[in-house]
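First the structure, which I've put down as structure tokens, then a few questions once you've had a look.
Chain nomenclature is as follows: A, B, C and D, assigned in order of appearance, with residue numbering initiated at 1 for each chain independently.
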Amino acid sequence: MTDTKTIPNETVAVAAAREAEPHSWFGWASSRFAVIAVWILLIGLFMVLRPQNMFHPGTWGSIFGGQSDLVFLSAALLCTIIVGEFVDMSVASNFGLAAILVVVLNVTHGWNVWIAALVAIAVSTLAGIINGLLVVRVGVNTIVVTLGMGTVLLGIASWVSNLQPVSGLPPEFSSVATTRIGGLPITFYLAVALMLVFAYLLQFTPLGRNMRFVGENREVSRLAGVRVNRIRVGAFTFAGLIAGIGGVLSAAYFGGAEAMTSQTYLLPMFAATFLGTAIFQPGRFNPLGTLVAVYFLATGVLGLKFLGASPAISNIFYGGVLVIAVTISTILHRRAR
Amino acid sequence: EPPAATTGSESNVDSSLDAALEAVSSPLDAYPIPSEPIDGVADLAGQTVYYVPITLQSPQFSIVSAQLTEALGNVGIDVQVCDGKGNPSDIGSCIGQGTQAGAAAIVTDAVPYGLAANALDAAQAAGIPVIIANQIADENHPTSETLGFVPAGGSDQEVAIAQWITKDSDGTANILMNRTADGPSQKAYVQAGLDELEQICPDCTVTINDVSSSNFPQVTPSVSAALLNDPTIGYVVNDFAQFLQPTQGGVQAAGMIDSVKGVTGSVGVGGLQALASGTYLYAATGQANAYQGWVEADLALRLITGTPAPEYTIPVRLFTRDNIDSIELTEEAEASGEWFGPTTFRDDFLALWGVA
Amino acid sequence: MTLGTIDGVRAETPAPRGTRLAVDSLSKTFGRSRVLKDISFDVRAGEVHALVGQNGSGKSTVAKILSGLYTPDPGGVVSFDGRPFDLPVTPLDARTRGMAIVHQSLGLVDEFTVLDNLRVGRLEATGPFRRVDWKRERAAAKAVFDRIHRDVPLDARVGSLNEEERAVVAIARALQDATPGNGLIIFDESTRALGRRALESFFTLLDEIVATGTAVLLITHRLEEVVDAADRVTILRDGAVVESGREVAGMTEATLTTLILGRDLIELGEHDRPAAGNGAPVRVEGVTGLGVHDIGFEIRPGEVLGLTGLAGSGYDDVPYLLAGVSPASAGSVTIPAAESTGAQASARDIRLPGLSPSDAIAAGISLIPEGREHAGIAGTLSVAENVAFPQTSRARRQLMPFSIRGERALAERWIERLDVRPPRPDVPVATLSGGNQQKVFVAKWLATDPDLLLLHEPTQAVDIGARHVIADAIRRAAADGTFVLVAGSDENELSLVCDRVLVFADGAVRQELTAPMSPDDIVGAIYADGSRAKLRQRAPLSEPSAGSHEDAPHD
Amino acid sequence: MTDTKTIPNETVAVAAAREAEPHSWFGWASSRFAVIAVWILLIGLFMVLRPQNMFHPGTWGSIFGGQSDLVFLSAALLCTIIVGEFVDMSVASNFGLAAILVVVLNVTHGWNVWIAALVAIAVSTLAGIINGLLVVRVGVNTIVVTLGMGTVLLGIASWVSNLQPVSGLPPEFSSVATTRIGGLPITFYLAVALMLVFAYLLQFTPLGRNMRFVGENREVSRLAGVRVNRIRVGAFTFAGLIAGIGGVLSAAYFGGAEAMTSQTYLLPMFAATFLGTAIFQPGRFNPLGTLVAVYFLATGVLGLKFLGASPAISNIFYGGVLVIAVTISTILHRRAR
């Protein structure tokens, strides 16, 4: 009771939580799977309203096959969030820069495409490392560093691409992304695999457990022998690496890239990552929740498109779902605890 | 050199300029309709055409999509609108969706080929005709049985703007040209305007200021800087009305709102209302978006049925403070196409398609 | 690098036999201030070695150097079992040699389970998929608990444990890398929040551990712990060692105090206590809420009333209920009219249900809660801003400027009265040492000149000098007409400041003690089953019996 | 390392404080005014390179007269940051909605323009209140709420404006924003006044003090009788109000508005607010620092434009300055303490 005493109100909360435990199976499940239930409902609704679209395999191909960029970006974002850093605002620009670089180096400068890809990923990773060093070693505010870095990277991307869309990657390179298996492009499988590995890492490996501990309490982790700073810098580095790989795959998938477009991912990627906290592990950022959130949002937006909704309506849906889902999950979770 | 000759040629230029301005300022007597009818349109009922605009956030694409839907609806073809949201991911997935769904055709609007090269190649490989609208034909991707281009009125608009400025300034204009650097087509449109200026207004000065949607926040300071750098600038031109507000902000911030005349291209009802309000805009050009929707439908039908396609032109019109009162500034009027010519073009197309 | 020198030292200084940790000429400089000056001491195997000193004397700095958070100035040597560390110490290096540190908050993360907390940083990947082998981890955790003959459910969230269990978990974690009989555990004020029985069982456990040969370095402000439990003591004053490894046997708290402060402490004797009882008392009636049911008592003018009891007995809920911080379902407080305020003032009857903190403050009730960092001060704001906060926060006209000069004057007055060091109103509170932060915290509420002052553990984790300054200030407030209530678990503190103590059990008052009372009296009353045990019952030099599982976890 | 006399009984802390005092004046000043010095240097540099521009009064008019939108937005952002909420991501959209609403209500629906302005501001304030209630009362994550709300508001703005730029406000209304005094529009004075009042509030009034304490430590504030939740909800409300007023003034200034424009302020507004933490009160969000940061960044961007820098270079400048300035200030501040 030592610590709870300092927060008198929490004593009550703890007591309530203990009492609540046995009763709350329903609450437990509802706070974890409410969003998935809503997803299923949403699909059902669209199926009734637009059967011709929703029973068409192309629709599902689009929902599942078209979100890989977003999955990579959300994974990169999660890296730093999990270890307790505030959001890395530079991942989208970093992703965009990698996509631009691989094309420009290959097409404009005639580099071998694989070398171009490696260099692009290396540049993104380097950006991640610089973020990490500034935040962790120098102690500069995370938002400042990543916002600034994001702006710089965006500037570099516009500069090397001369603000033009660039394209012309060789098809054999593109095939690493576009080849279809079971109707879905490889990028889908890569994206899902990334999230599964991430989830596995967090759930089952020492590194993952250490990351969660660092996210929860740095000092305790350090004294327990966890190399806290190394893990934090590592998280930024991996965020850069994943953004870089995602960017290169995106360029391969689309055969080209454009500097400004990375910014359009910002909203969906934040939305998915935060909506993910309402799925599977309420109140906690988690890769699988994020993955589901990506597809959930894609379903909603596509369904609305089928219904002929304007982008305005899509935005209202997007924002509304995010707030409502997380609000409900917060309330349910609080009850269930 | 004999001064008389110069005067003569100048007055020649003058009169032809007047005529050109007169023409571009008035609505057409009739929209240009292709001559060759299309056979077998009736068999297409029940199919679906995908329409993929670069972004629905820009209002012109809603107009086109509505018209395209209406046009093809007349022949029983469904139009599936899929918002490209300005990023390759969405554009690619829209096109991929159309390909997988076995669309009768895929129409992209204002999407540079390079932005979705793989998806567009894949669609054509699957035998689906692709129509690239609102882009200048891409040398690397020539017109084929499965690929057609609907041009934009971009170059014509820029030429009209050049002509109006020449006239308005008596050939002495100092112009700030905000050029959208978002794609190759935009650059080409502006170039057409610059070429025209060079011809008809040798004494005009032009400063180019590249703007881009990725750097929207910098439009304002870049306009200010250009104006402060050269306070004699009298005309500020935008090729796209999308940059109107930040541009005006830059003019205002430089304190030159009274000495500068604003001009813009690709204007919609909002921009025309701003022109009518008489604050900053003096002239604006627009293209017949409603008609363009029908042209896209026509080209789609031709590619689907294997009918040879004509060269299309999208009419443009110059609006000034003089003629702005002659049109109705409503969304309905804009969607009907009445600003540019008689709205009967719909029946003409339907007749061509054999469904009238 | 100075590796060569260190190597030289390494070669020349053979460790005395049985020396576990040897610290030699350790210095630490922050910016321009040298906070450790050539510190030398050693900890022997199998002993409890206390490290004491005033707030800010450098104890935590030593611990932080030993845990690798700080790099010491070049020249110092830290050796363990005769082998010098490469400085700075890395946590991993320390761990492989069996040196562990337990922080004042015990270093536990409430959101995670006991097993997680125990094994964090030690989890090992196995197999091609680098999974955690939870079976093995559980076995390892179980083994540690078995070694110390304690049992804590491995899957319980640490947040749901009681304080004794938490202490056990912290100790178990610190012990797990030390092979039995080896290793060293450093406790930096880990005991500060433990109740008497938890404290006793903590030292019982400690005794069992050192009996095997493991060493303990104990940083504490409770002199009783030193006198009762330590074998030797090292005393720091202003960053320098004044006593290194002095045998504790035969020392009293008074001698220790003198050594720590470098002067004698003026005793707060019985004689300066005013006669209680003139005038009307504060009446507390029918208070129900949190862990207390329908309690009532009086606080007489001029007296300091203490509340104590076992953890969970509800005594520590009372101040929060009376201050409107925790919701009460029933009860009232009646504050009599102050004699000085004259005719118009009449007794105020304050109903507790629905009372908010600001209502309570407006009614003249001020609370000094436990937990300075959490509930006491805003660290990045200045001393003056913190001291004046209860005045500025409730200003009637929220948009009118207040007097900056007045604020500063107020702060200076209290800085002087409580001897806050450094005596500067403009520095951020976080840059003060713990004891001085506590003084600022107490000053903040004394400055409101409340009618009823409620305190909870007011002198926790402050040095003996600061404790007396604060105790003195509390007594002076009482003498000046404030009704004072102190809830606490530290019998030494209670006997120092209180005139009367109410002992709680099961949410009700069970017993009343009146002055004169000794710490022993208080403990005797708290624990119906016995009196205050000497903190460390030195084990007969045999292995403790394997069956002695006490403190079965209870919820 | 001259270790001088230690007065007996004086703790090391006191000695440290005393010793540190006289030496660190330079450090003290440098961590506070470094950015301003850089600003002056920058101006000097531009004056040497482009005297024809920098000695032109219009340049200063543009630097100081053209940033009012940004100042209002940053002020709105500061409201919630100061009370310890994480950034309110909805202020830009809220600003945009107010701007759109006043025009649409007046021009399209024929409402009296003053009533339209009041309604627009009321709607923005309401959005702020909803943010506040969800965050404070329901306990939903701030980012989720404000990101979602921002998206919804953006959707509404696009919907009511039909994605068209809207214009046509009556000139007598516009004159509340455009009238020039001493060469600068009224909005400049309003923006500066807003920040000055804000700074005054924080520095000298009980409310401001309470806000700072709430931002620093909620429990401490609650125990001191501060109505913490009221202050937090109030901060969100004021953020909405300020965004609303800013939006209406912006519409008046430009005579019109466009839905998507608001999003372009996100980066500059974050940059200015965070850069502000490196000015005057290092490590602390403060209105005057933010105000200076706005003009500092405007100077840099305009100067670079004079030098003919491409938008890419300007972005690199923007991001680079943000990171470098805050990093230097962090290091200096740490030293100076």
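Please note the rule applied: a residue touches a chain if its C-beta (ideal position, glycine included) is under 8 Å from a C-beta of that chain, and two chains touch if they have at least 3 such contacts.
In UniProt terms the chains read A, D = ABC transporter permease; C = Sugar ABC transporter ATP-binding protein.
Keep in mind that what you see is a predicted model, and the values were worked out from it rather than measured.
Where touching is counted per the definition, the chains common to chain B and chain D (ABC transporter permease) are A. In whole angstrom, the spacing between the mean C-alpha positions of chain A (ABC transporter permease) and chain D (ABC transporter permease) is 28. Between chain B and chain C the centroid-to-centroid distance comes to 75 Å (mean Cα coordinates, whole Å). Here the CA centre of chain A (ABC transporter permease) is 43 Å from the CA centre of chain C. Centre to centre, using the average C-alpha position, chain A (ABC transporter permease) and chain B are separated by 37 Å. Shared interface positions of chain C, i.e. residues touching 2 or more other chains, are given as 325, 369, 374-375.
Among the residues of chain B, those touching two or more other chains are numbered 56-57, 62, 210, 212, 214-215. Chain contacts: chain A (ABC transporter permease) has residues 7, 154, 158, 163, 310-311, 314 touching two or more partner chains.
Every pair of chains meeting the touch criterion is listed here: A-B, A-C, A-D, B-D, C-D. Residues 29-35, 37, 54-58, 238-239, 261-263, 323, 325, 356-358, 360-362, 367, 369, 374-381, 385, 389-390, 392-395, 397-402, 404, 421-424, 427, 431-433, 436 of chain C are the ones that touch chain D (ABC transporter permease) when the two sit in their complex. Here chain D (ABC transporter permease) touches chain B in the complex through residues 52-53, 56, 58-59, 61-62, 65-66, 107, 158, 161-168, 171, 178, 180, 183, 185, 253-258, 260-261, 263-265, 267-268, 298, 301-302, 305-306, 310-312, 314-315, going by the rule given at the top. Those residues of chain A (ABC transporter permease) whose C-beta lies close enough to touch chain C in the complex are 1-9, 11-12, 14, 17-18, 200, 204-207, 209-210, 212-213, 216-217, 219-227. By the touch criterion given at the top, residues 67, 69, 91-92, 94-95, 101, 103, 105-112, 116, 120-125, 129-132, 159-160, 162-163, 166, 173, 193-194, 290, 311-312, 316-317, 320, 325-326, 369-371, 374-375, 456, 555 of chain C touch chain A (ABC transporter permease) in their complex.
Remark: chain B residues 55-57, 62, 80-83, 85-94, 96-102, 112-119, 121-122, 140, 181-184, 210, 212-215 touch chain A (ABC transporter permease) in the complex.
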